[in-house]
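Data first, discussion second: the structure below is written as structure tokens.
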Amino acid sequence: MPDITLSRPVPVTTEAPLIRGLLIGVALIFVALFLFAPLVTVFVEALRQGWVAALDALRLPDALAAIRMTLTIAAIAVPINAAFGIAAAWAITKFDFPSKAFLITLIDLPFSVSPVVAGLMLVLLFGANSTLGGWLIANDMPIVFAFPGILLATLFVTFPFVARELIPVMIEQGRAEEEAALTLGASGWRIFFTVTLPNIRWALLYGVLLCNARAMGEFGAVAVVSGKIRGETATMPTMVEMFYNEYLSVAAFTLAAVLAMLALLTLLLKSLLEWRHADLLAATRRH
Amino acid sequence: MNIEIEELAKEFGTTRALHPVSLPIPSGALVALLGPSGSGKTTLLRILGGLEFPTSGRVLFGGQDATGLSVQERRAGFVFQSYALFKHMTVFENIAYGLRARPRKERPPEAEIGRRVQRLLDLIQLPDIGARYPNQLSGGQRQRVALARALAIEPRMLLLDEPFGALDAKVRKELRQGLREIHDRTGLTTVFVTHDQEEAMELADLVVVMSMGRIEQVGKPADIRARPATDFVRDFTAA
Amino acid sequence: MRVGILRSPSPLPGFGLSFGIMTAILSIVVLLPIGALLGRGLMIGPADLWDMLNSRRIWSALTLSFSAALIASLFNLVFGLMLAWVLVRYRFWGRRFIDAAVDLPFALPTAVAGIALTALYAPNGVFGQALAPFGLQVAYTEVGIWVALVFIGLPFVVRTVQPVIEELERDLEEVSATLGARRAYTLRRVILPTLTPALLTGFALALARSVGEYGSVIFIAGNIPNITEIAPLLIVIRLEEYNYDAAAAIGIAMLVISFAMLLVINAIQTWSRRRIGLA
């Protein structure tokens, strides 16, 4: 047998250094090409004619109206979604009733429905040619091509975010703490605010964060129900499309850059939550 | 095959898991590495198996330097504390794994693999469980399947990490006897790690008492009982 | 009356309120709209639905939507697995940064991704120019649709497989090596089968998302009828023509095919989970 010296052998649970290097290299190139390149492009295209042109584009009345619309929608849709998520999680995790699994499937359903089909559903339900829609329009409460339609579309596509984050966390935490508070004479609301909420606050924040990102960024469903009326029902993403189709490239990409910065902020906050509170989130522990 | 451990040391970063230790293991012996957790016994076993690499020192198998041999080349049958059975394979596939993993030229034909697996199932006295999956077995059965799987590669030695650790007291006693019988029938040099002094004393020919990365005493069970070399050995083996 | 639903009484209060809020919002936001679509389908009737769907343009669009989603999801299956493996098992500079960046497609609005990818791959874009000498055109072809769907689906695979890789027991890899198996054999025979259920879940999620994807695709697709026109776009076009029945027909077809696909994947998943002793 040849004389073997102690050249650092490779542990058995990893690959040879060459293969490791190769895989890291391919992964980095893949991420650079498929994730970073599009992101960088947004900013490059926005600044193609300089800062001034970009900032001017943001001052266009249509752009301002779209930003206002998106912020308003998010400000209403996210709290409703959070309220739904908390109510659903409370009912599902604190009580025993039949067909819970079916209920959870229903809550998850919007994730597997195309946003365009979601928009289509709302148009069929509330559009001018439906009974309900006709009556609502006759009574001056239009839903499609108006604010309520955009809100409903946003709610549909963001529907599962908070609930599916809270339910696993609350299942894991069990009912013992709430029951203990009950024996100490606390009322329902008091239990919720002093026992449950502190336990789920990071998971709630996490769900709200993802919900908000999707609410501000939704395109397909909103495009279908909003009618994309400039200055009235156009949101930031639909305005991006309109600017782009009118060859107003700088305006389109500047508005897109604002959305991209929002996305980056979301990622940053999300990463912070994951690093600091990983043990209190469902997302970082899911199987 | 006899095993020679020469001045073996292991550091993890700044902590010394193993101070230089030397130990000759005669061919065919049944040896217990006995000590509390953190005594370095598992590290020593893993170095023998090629799963851990020493910072300094040598290991000789049958007089030849094996320190730089890869795990695969060592052919040491290793039984893990958790058994590490492959959950997605049947008992048969688990035991056949090492044979099927061989390069095509050295791989026995399927019929031969089948015969060998059946012989091993007979050896562990579970002849009819080949088609079952690990999650359908009791703890004791799993341990014996892990043992059969390690034996299937015709190992040069048998290394076992807390082989009875996860079992209840009654099963533990039965399986001790089983290991003794298998050892006597195969004649393989066998090293097992345990923190249970009764188990070490009852089963092993040679007991190696370890503490804090050092070997405190090596001897036959009766000698260690009668003449403990240090206070630690006396305290640890008094029960 | 609500308390009657409960299997066993609970001392905790708030069932009526929370169950009420949940069912109310669920009904308005999800159930009523889905009911409207299915009801429309019933009103049209299966024969007329089939007639409406039976056109070359619709079949091309449906086939394109599903085949492109399948191709992109298969691609993501391979690269997502690789990325997850690298992120969990290797330590390198910038790892945490890459790990955080994987979620970019979740956070970036699809329309933004769409125009950015188009700008990159258009004939005068950076990638478009680089690929042109090889005779490769991405933007305004089916390849462009694949690229957009790869972007959209990537995090689904990575994020479902990653935690499972983190929890792999090292014992299994070590025991495989002590039995003489080479690393490649261990990866193929021990690790891959253990990851299969998670890979299937990630694949299914990516597929479900890409089939219905609209925003990131329409800019880069070119939208030529019969060639690069996806099914959701056809729904939008029919709606703009106020042809609600035709739009509903395509929508129902998409729902039905999606559910059939998810059912099949679910079945495969249950089978593979049982195989590795999880169920």
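Order as written gives the chain letters A, B and C; numbering starts at 1 within each chain.
Throughout what follows, contacts are C-beta pairs under 8 Å (C-beta built on N, C-alpha and C of every residue); 3 or more make two chains touch, one makes a residue touch a chain.
Since the model is a prediction, treat every value here as computed from it, not as a measurement.
Overall, the chain located most centrally, as judged by its C-alpha mean against the mean of all protein C-alpha atoms, is C. Relative to subunit B, the chain whose mean Cα position lies farthest away is A. Counting C-beta pairs in contact, the pair that comes out ahead of the other among B-C and A-C is A-C.
Each chain gets a centre from the mean of its Cα atoms; for subunit A and subunit B, those two points are 52 Å apart. Rounded to a whole number, the gap between the C-alpha centres of subunit B and subunit C is 47 angstrom. Each chain gets a centre from the mean of its Cα atoms; for subunit A and subunit C, those two points are 15 Å apart. Residues of subunit C found to touch two or more other chains are 174, 177.
Each of the following residues of subunit B touches two or more other chains: 50-51, 70-71. Contact with two or more other chains is made by residues 12 of subunit A. Contact residues of subunit A toward subunit C in the complex are 12-16, 20, 23-24, 26-28, 30-31, 33-39, 41-42, 45, 80, 83-84, 86-88, 90-92, 94-98, 106-107, 109-118, 120-125, 127, 129-130, 152, 155-156, 159, 175, 178-179, 182, 187-188, 191-192, 210, 213, 216-220, 223-224, 236-238, 240-241, 244, 252-253, 256, 259-260, 263-264, 266-268, 270-271, 283-287. Of all residues in subunit C, those touching subunit A in their complex are 5-8, 10-15, 17-22, 25-26, 28-34, 36-37, 40, 79, 82-83, 85-87, 89-90, 92, 94, 96, 98, 100-113, 115-117, 119-120, 125-127, 147, 150-151, 154, 159-160, 163-164, 167, 170, 173-174, 177, 183, 198, 205, 208-209, 211-215, 219, 231-233, 235-236, 239, 242, 244, 247-248, 251, 254-255, 258-259, 262.
On the side of subunit B, the complex with subunit C involves touching residues 49-51, 70-72, 74-78, 80, 82, 84, 86-88, 97-98, 101-102, 133-135, 149-150, 152-153. By the touch criterion given at the top, residues 169, 171-172, 174-182, 185, 189-190, 193-194, 275-278 of subunit C touch subunit B in their complex.
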